[in-house]
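The data blocks that follow each hold one structure.
In the two complexes below, subunit A is the common chain; its partner is subunit B in one and subunit C in the other.
Right, the complex of A and B next:
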């Protein structure tokens, strides 16, 4: 049964990728490409699809990590304010002219933001020796408001060119995607993915609870730190590529668990692939639905993700974990 | 069992253990006890008496503020996490898994401490606790009793000779409680397991070979239940009016009419 599902899943992903590449307001025939078509595909469409794929992969995997480590099906880097913290930090870096690390500067500042907010959300969510789902969620929502407000404030007092990027970061947009953004973010994603894949057994054990994880021979605090670092690396890479896009980290692990099972060794990479395909699809919808206008991809993902989030909230067991 | 050789002495010892959280009074105070091979020990005490804390200290989850835990004649803190997991296993009270793992996946996690899997297979372990027919079922769909057996199978394949169980009978009806205890006894006989189990039911504890009564983090009595669980000791430890009566099939308790 599972091999059939894996083949189906892979076929759908491949189909979406091909559609994202060749379909849209301007359609391309892959079997009859002119030189101009090739130029447009290489310079505009392909980097956009690659950026969408990378961002979605990072967010899908980050969601799978957070839901596992926090044992909370509502966890997602967007909902917990980690993405907006990364955005704010990256925007501050841009505005203050921080280019010390060249093309790595933006993902690095975003990483600092993601890591700081992870600690902050955890501190707010911690009570009586455990993480409380309601507290985590409220902390995330509160921090999201705060960071958006600060970003707005920065926008209103500054006329910097870098701010154009900062504005886009708030809503998540892929229209500025180009090849130059990809290498530094890809490094973060590869390192983050490598870390989580090497710790996927620990992630499985932590889903059963810290006590079982300890009993199975894992150093729980160290594993949690490594997994959070992997999540922060990938989330910050995603933010540096195209800003804050919500709900991919929430939705993808749920869909993959339903289709392929809960084992993190498959769940994390499959959530990544599903996240990539979903963001490609969202971007395709965003640029095709009202041409020549483009809807930000974050809006499209929210149309799917927000109702599902509300549905999850209604489930009795979700807030009692 | 693990690769450690058979021992006549204690395989797990807690020597002069004290524990307190920062800024609070002692939860465990100068506690000493030991566990031998093939022993099933019932750990009793009122709520808040320190039973769970004692088990967590024995499992290495909490560091004692004083004293030492010795596992197979070596300090517990000297073991690598993986090596400890092959000898000692902790089973928490709450088995709340909200992620749809299959029974086979959960049981298979017992192999995580190993690079080379031990002889027992996942199928063997599932059959041993009677969940072989549910291998592909989601653990989220199982009853409380079945779920406990699944986790016990995971523990078995982990190969640890010592099981520390924190109220494993909680939320189980009497049928599953007795089934679970019978299963533990079978495993003790067949595989030489040693078990320390926190529990609340004094009537069940009266059938154990050895019990330890805890009051305010101190050992109030340790030994055979007929000597440790008497009317006066129980009244003192639980602050309730209880009598222990003897009958043909064993002892039982009666309490004041509520």
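Right, the complex of A and C next:
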């Protein structure tokens, strides 16, 4: 049963990737490309698809890790305040006229903000020589409120149009996806993914409880720290690629658990792949339904994701982790 | 039984409004709730009578010294009332209707500016000037703008000869000037073709792919606030490297004259004309 499902799952993902490359407001015939088509394909669609894939993978995997680490089906990488911290940092950078790295400045400040907030959440969640799920979650929620409020405050007192538009960027925009950002972000995401995959057995054990994991010989606190760091790396990199895109981190692990089961060794990579494909799909929809205008992918993911999530909620007795 | 009462009330109401209109024909204390109307009021020589403006009103320089009543979409009613205005000048383009309703409910007089296109601007100025009791100045300013517009009106009508233009308002995410903006009107006036004229909103988030396909002959980048627009727009221009405008170096950085429907639009049209010449 499961191999069949995995094959089905992979072919759907592959189909979406091809669609995202060749479909859109205008279709490309892959066997007969004009020069303009080729330019657009290489300079615009390919980086967009790669960025969507990377971001979605980072978010999907982060969600799966976080739901396990926090033992909470509601967890998603943004609940910890990482996104609002990143937005706030980017906004502060813009306000202070930080434009040293040209068009890389916003992504860079966003990344720094996300990383700083992760450290801060970790610091608040740290007690008696380890990270504690409830503390992490509460610290994250508190910081999230704080940063969103300060950002709102900045937005309402500032008459700077540029700031408003930059914050618009933070709400999930892939239209500016460019090759230049991809390598560095990809490194963080690959390192994070490697860390998680090497720890997925520990994650499996931790979901069943700290004592259980301990009795199996896992150093629970150390594993938790490594997983948390991996999640923070991936989420920060994804924010710097294209702002904050909601719902993927929350949703993908639930969908994958429903389709393929809850074993972290499969759940984490499959959530990653599903997240990437879903974001590609959302981006495809966002640029195709109202041409020549574009809808931000972040809103599309929520519009499509939320109803499916609610449907799943009805179908299943319990939304477990 | 009830009808006579209504008639009496109506007559009473009518005479009251006529009275009020006469009394307020030269308002002494004016509040302007939009940057464009602030600029127009100053151009009409009413700067001295303005007592309050929004925090976005930055032109002319004296406007910055006026009391601030908040933003365009969220002006503080309290601040407005405290300034005891004879009239509050609002616009349908940016001020919420509720603000008008609330001000009227507090029996404050409002004047609502409704012009949205370049062609409507002179007439709008005449009407506003009339309401402010400065008809002559209004006529003068309106004439000046009409002459400016006529000077730049292009006779070109053949679609083939028209240059295709895109006006970038913000590069990341890409926002361009669509229909219903003074920019679009200026582009059309100059006999050019705005590639974003198909869009369904005034400042649409535009698809770069579609922009490449429409191969504009001239790219105009509007002035941004806060940061150097030349640096910010590098990314998008790199993506547009293959379109004729960028290939032939027809990328033009202009000021913000066309962002507001105010007397400065004429200078904006002048700049635009210089770009495509």
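FYI, the second predicted complex is superposed on the first by the 222 of 321 C-alpha atoms of A that agree within 3 Å, B and C clash if a C-alpha of one lies under 4 Å from a C-alpha of the other, contacts with A are read in each partner's own complex, and residues count from 1 in each chain.
In the analysis below, a residue touches a chain if its C-beta (ideal position, glycine included) is under 8 Å from a C-beta of that chain, and two chains touch if they have at least 3 such contacts.
Everything quoted here is computed from the prediction, not taken from an experiment.
When the shared chain is aligned, no partner comes close enough to touch A:199: not subunit B, not subunit C. If you count the residues of subunit A touched by subunit B and by subunit C, you find the higher number for C. In the superposition on chain A, A:224 contacts neither subunit B nor subunit C. After overlaying the two complexes on the shared chain, residue contacts for A:45 are found with subunit C alone; subunit B is out of touch.
Comparing the two interfaces of subunit A, the one with subunit B and the one with subunit C have no residue in common. The part of subunit A that touches subunit C in the complex is made up of residues 24-26, 36, 39-40, 43-45, 94-95, 97, 99, 102-103, 106, 156, 159-163, 165-166, 168-169, 173, 175-176, 178, 287, 290-296. Within the complex formed with subunit A, the residues of subunit C that make contact are 55-56, 58, 71, 74, 170, 172-175, 196, 198-201, 204-213, 224-228, 231-232, 234-236, 238-239, 241-242. Taken in their complex, subunit A has these residues touching subunit B: 68, 71, 73, 201, 204-205, 207-209, 211-212, 214-219, 257, 261-263, 317, 321. The residues of subunit B lying in touch with subunit A in their complex are 56, 59-61, 81-86, 88-92, 94, 96-102, 105-106, 109-110, 112-113, 151, 158.
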